[in-house]
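Both of the next two complexes hold chain A, though its partner changes from chain B to chain C.
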Partner chain A sequence: MTSDQTLALEPDQERALQTLMRRYRGRGQSALLPMLHEVQAITGWVDEPTARAVAHTLGIPEIEVHNVLTFYTLFYTEPVGKRVIRVCNDIACVLAGNGELIQRLAEELGVDPETGGTSADSRFTLELHPCLGHCERAPFLMLDEEPMGPVAPDQVPDLLGGVS
Partner chain B sequence: MSDWITITIDGKEIQARRGELLTEAAARAGIHIPVFCSHPKLDPLGACRMCLVEMEGRRGKMLVTACTTPVNDGMVFYYNSERARDARQGTLEVILANHPLDCPICDKGGECDLQDQAMEHGPGKSHYWEPKRHKEKNYPLSDLIVLDQERCILCWRCIRYLDEWEDKPQLGLFHRGSDSVIDKFPGTELDAYTSGNIIDLCPVGALTNRLARFQFRPWVLEHTNSICTHCGMGCNLRIDTRDFRVRRNVARENMAVNDAWICDKGRFANGFLFSEKRLTQPLARIDGELQPISWPEAIQRVVEGLKGVVEKEGPGAVGGIGSAKLSNEANYLLGKFMRALVGTNNIDFREGSALKAERRGVTSLQDARDADLIVIMGADPSEEMPVLANFLKRAARRRNAPVIVIHPRRIELTKYPGVHFHPLPGDEPALFDALTKAALQARGQAVPNWLADAEVSDEVKEAATLLVNAQNPFIIYGTDYAWGYGSASIVQALTNWIVASGHGDRLGFLHSQANAVGAADVGLLPDMLPGHQRLADELARMELEKLWGSKIPTQPGLGYSGMIASALGRIKALYIMGADPVGEKSSYAEKLEALDFLVVQDLFLTETAKLADVVLPAASYVESNGTFTNTERRVQAAAQAARAVGDSLPDWAILMHIARRYAPDQADFWRTSSAPAVFAEITRAVPQYAGMSWESLGERGQPWAWDALEVTRELAPYAKLEPAPLEKPFTFRLITGNLLWDEGNTFAATERMANLGHKAAWLHPDDAAGLDLREGDLIAVRSREASLELPLHISSRIQPGTVFVPFSLKDAPVGELFDEFGPRTTVAVYRA
Partner chain C sequence: MNYEPVLTARIGVVDPACLHDYEAHGGFQALARAVELGPDRTVAQVEAAKLLGRGGAAFPAGIKWRAVHNAEGPKFVVANADESEPGTFKDRILMEKDPYALIEAVILAGYATGAGKGFIYVRGEYPRAYQRLRQAVARCYEAGYLGKDILGSGHEFHLELRRGAGAYICGEETALFESIEGKRGYPRLKPPFPTEAGLFGRPTLINNVESLVSVLPIVLRGPDWFNSIGPANSPGPKLYSLSGRVRKPGLVEAPMGVTLRELIEAHGGGVSGSGEFQAALVGGAAGTFLGPDQLDTPLDFHSLAKMGAALGSGAVIVFDTSVDMMQVLERIAAFFAHESCGKCYPCQLGTMRQRDIIQRMVAGQGRPGDLQLLRDIGQTMRDASICGLGQTASSAILSAFELQLT
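This part shows the complex of A and B:
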């Protein structure tokens, strides 16, 4: 499902987005994935008006943009925290004790440890993921694109505090 | 290399066409491989895996999808092998794993591919005991179609139809895995004009008709072959009824006409049939009020009324107005009655003598599909004939046919490559002159003096060259250029271009009314006899006089607007059948009020009927038999599907009763007792219809040949068109035209479609800004004649300096604005 909310962008984000749109104008379907990655890097998540603008910029049907946005779980069609923490929730990490790590993260961020979620201040989103492919570093997590592990529960405050 | 090859299925050798799909080859041999996603009208996809068969390959047997496998010589397949059967059973089991099995309340139950195939190919029981997934069950895609995502088996037919045929990809497959759903882009409505076809295409009950659902089970319906009369395409319909009442319309395949498609107007807009407002009994003006009377009394009054006028003022004081929406039988009998019994040639219909139309319509609808170039002048197929528009879109996309559009608005078809011109009203002849000159130059022919000054731009040259070099162009013009002030000049100018390009014999006209061709064929014109024979043609007249048993007057009669205008003068009585002049222009009321006698025969108590002395309730075309001739001259039968409302009678029967009473001594010539019998008489009166019969029309209809009527077209100078003056405050040029969702009598009667109509006057964004107007503001559009108030719609499809007011808006008929410049007048636009 898609959010009814829309993005509230800072002026510099707005400018960056406009520059991006100009760069991609008329590039067609094959530029859709790279463009969406770049858009999301600026905006954090993709709302309906932005998806529409992407379609018009590339010259492809709106529906194609939505197909791709909803197919890939790493694209967000709902508001998401400034930083996304993805904790691996697969067998190796479970055996290595990721339960305590998740519990601690959820407590610090004030979200449900079963489902993850976004902190009230919108700074962080906690997500539980199937295998992230770093079993040798269990329990493992990724802070945005940055791999980290093994991570002990008591490292969590430093990890959150050290993030700008 | 022969196109026929041999393949083997289950050890049996069969003949197949090289490159055709295995499903098609197998079907010819009587092996019906089950499919869901595959459809003969859609590109192969291989999404559902229902058609898995084993194929012999270099590395042994492998499972392939038959619907995406082209066959070649010597290929070996196994359809009935254990592995293939097992694979199909498995597919079906997985499809059913999350299917809700709510067949008892599903509209599709009884005509559902999934039900049929579960019976034939299913495992009979499931391994699954887990709860089923829940998704949206009652999810409207629009006012017309509702989606049940749980029933959906993700075959993509709907997605593909909208993309491949209408080029409006408004549905997509979102999310993934077991979360996958068909959906539209958030916040949008499905507004494709032929969207209803996805209901026919859906192999399960996921897409259902929102107006018809829960009103029947498919197996209780009676099916009647009919056609649609909302436009001139004549799409073939199957009308499904129960208890003599229409339940739904579905598309009926006719490759020569509509393929397997109909538009949403044809499918859904049938509310007029059972509208509360239908006339159910004859009315007569008694003590100044319209009051119910019996049929014999009504017919007596009509006969006495008409006779009274004829005796006092002569037959020239009587006139008859028919309708391009009504059958050949109705229009033929009205013409015959007026000519043979009353003795006048005052007969016409709105799109009759006043329209500078090619009477033969278009060369053929198939030509639209085979075109290598499309030329559209003053017509908007997307709004006037959506199924034809889809054919044109497909030619543009799949055959790379360039599209040349010449139209005052930026119509939808301008999104395809080609050359597009948007001349303002009054500027059209200059553009066509330039095109003519460029065409002559491109063919190395002499340019006549009167074209010497035409200015040839690069774009003009490009368009002219495209047409000169085209092998099989589809060329049409439409009502926008053929009707009203200046149309004679525009039509000659555009004819010049086509003739100069060497394609004079391909110039067709898009008749937007269901039976505009037929009404002219059967002679409902003041100066033409049936069969497009001139009134002055003595031989033709004699033949008809023999058939009709009466003399035919030789003096040409008055046309549609001539009769109405003369209602204050020499016309004293009018018989109006299926037309509503007062609804088009309210000032006609005072003219019609001046008549001594007015008869109106209609489905509804129209504005015109309210003024009548006698109102005769007509049965709709669905409630009677009749033939209609579409814009490619194809005569098609529409059989009676439903019982007539109240005491209403078919138009032909009413006229027959009146004629017999009017001239008892002529009754021998008015003995036909059925519509097919009237048609049989028509085939004797109209040479082009010779040899046809109600039976021979069959399910496909019969066209009369393009060259059965000789039309000469020549390059010729024409009277200069003086456009209406642009002077304060009349600074905007008026543009009119048809929109599919209008508010006309037949459409507006389908109440649940009322929201689709877009009642507005349209302006270009710059003009709106200049007048400080916003979307939805109430504005006044005023001509020298009248003023209309309408909400504003801002659109860049409109040219600056023009205002577009569509036809058939309720309480705002654009005809009110027409002055001596007709639809090409100038108007003032300001905030109301």
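This part shows the complex of A and C:
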């Protein structure tokens, strides 16, 4: 089940979502993942009413939407920060000293370095991620969809400060 | 080393956004050649090349191509671009730097097997690869490489891109089908195999990105050329993802069967950190460790299989003597406990128990018999899990104890 909280969308987000819903109408279950990716690109995460609207738009049972939302880690059923930082926490990045990088990010954002989390101002969510497939650039992170690496802990303030 | 790269020849040379650049560097010549040969003889080339699947399982690609070619009715071609084996980044680089090559290979596979539709399922965490492919697909439609009557062959073929959403299990071929169908990525029981009942229940050719891209030079230069590279039972060029404690980590193209030593010394610039080699993890988290006595092992499917190891995806992560290997094992154990899809119990429970035991060993609270327990759990997962995830979830960890790395 998704969060009790609901999305608070701006009018332009509402409009974009409505346009998206029209485009996906009646396209069936195979369009579910592509649609959820597009929904999330607008909304950041998926709340209960939106999950229901996705089901009705595609013409599939609501449970199918929940099954998928709760299975794939890139879909969110809880609020996330405006920007998501995924730090690779797998073998090559651990060997390259990603611990310091995570520590520094967690300090700046005021979240737990063991688990990650969302900053109090909701600007950032920090996630520790299994191998992101950029081992030649360790330690590596992705700021939303932007790949970055190798990243030194000293670069963290600039990295966070440079984000609108 | 006089080896001239083939699979990566265009990387860093062509503009990945530019179709004309791709065409000017040999692009779409393999497809044109395939259309000259006709579907049946194109499939025969793949068979004669003895191409073994580059995704990890090393299954002979020609068998799949022939089976789907022979199948009746609507069928599909799927490129498995859900690269997520830890330590593996070869397919990402191919897609980011030479996206048209994969697209050409999928079109060629569609023509050879008679499939009218293809999918490329790109890992969710590879947005750049996805964007480059998306743009390239649009160009290919404009240029007539996709759509009706491709290169005057009379064959119609359509290609759709799909993005994964963060699930290691979707690299398993039947879980990937489920994901395209809009479901959780739970693996299916096999048989039936994908060549009989795959995507949407139809005969489906599914190959890894590198396997597909390898078909282009096979068709252009012929299977004899392919067989002249590397060992006879495991031929061809191979991509190795080299990372960890080496001076120059990166993508390496070498003849199949390059030794671990050569890979580290000649391509990786030697061991970094303490400078002294402790071990290498070959094949990613689902792979096996090799120790100092195994540096001269040829990294090909058969040589490694003979010693109970596996080449897998060709990932090679190097560890120098300063690395605490128990910490590495803890990461691997945590990885599988996180990524087990939960469909079958041997894997769901086994990966969690395995993680618990490793964690208590790391905390200095190991118990007598823990190693035997790990072996039992590993055996159960190998024998009773329904897919490769559980079947290989203990292999790296048990191999580390075998080599006494801990």
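As a working rule, the second predicted complex is superposed on the first by the 163 of 164 C-alpha atoms of A that agree within 3 Å, B and C clash if a C-alpha of one lies under 4 Å from a C-alpha of the other, contacts with A are read in each partner's own complex, and residues count from 1 in each chain.
To be clear about the criterion, a contact is a pair of C-beta atoms (placed from the backbone, for glycine too) under 8 Å apart; a residue touches a chain by one contact, two chains touch by 3 or more.
Here the structure is a predicted model, which is why all the values come from computation and not from measurement.
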item: Which superposed partner A:Glu48 touches (first chain B, second chain C, both, neither); value: first
item: More chain A residues in contact [chain B versus chain C]; value: C
item: Which superposed partner A:Tyr76 touches (first chain B, second chain C, both, neither); value: neither
item: Touching partner for A:Asn67 - first (chain B), second (chain C), both, neither; value: both
item: Chain B versus chain C as contact partner of A:Tyr24, first or second or both or neither; value: neither
item: Partner chain(s) touched by A:Ala92 [first = chain B, second = chain C, both, neither]; value: second
item: Which superposed partner A:Phe124 touches (first chain B, second chain C, both, neither); value: neither
item: Intersection of the chain A residues that touch chain B with those that touch chain C; value: 64, 67, 71
item: Interfacial residue positions of chain C with respect to chain A in the complex; value: 83-89, 92, 123-128, 162-168, 179-185, 200, 241-245, 249-251, 281, 284-285, 315, 317, 319, 323, 327-328, 331-332, 335, 338-339, 341
item: Residues of chain B defined as touching chain A within the complex; value: 163, 169-176, 183-188
item: Contacting residues of chain A [partner chain C, same complex]; value: 28-34, 36-37, 60, 64, 67-68, 71-75, 86, 89-92, 94-95, 129-136, 138, 142, 145, 147
item: Contact set on chain A toward chain B in their complex; value: 2, 48, 51-52, 61-64, 66-67, 70-71
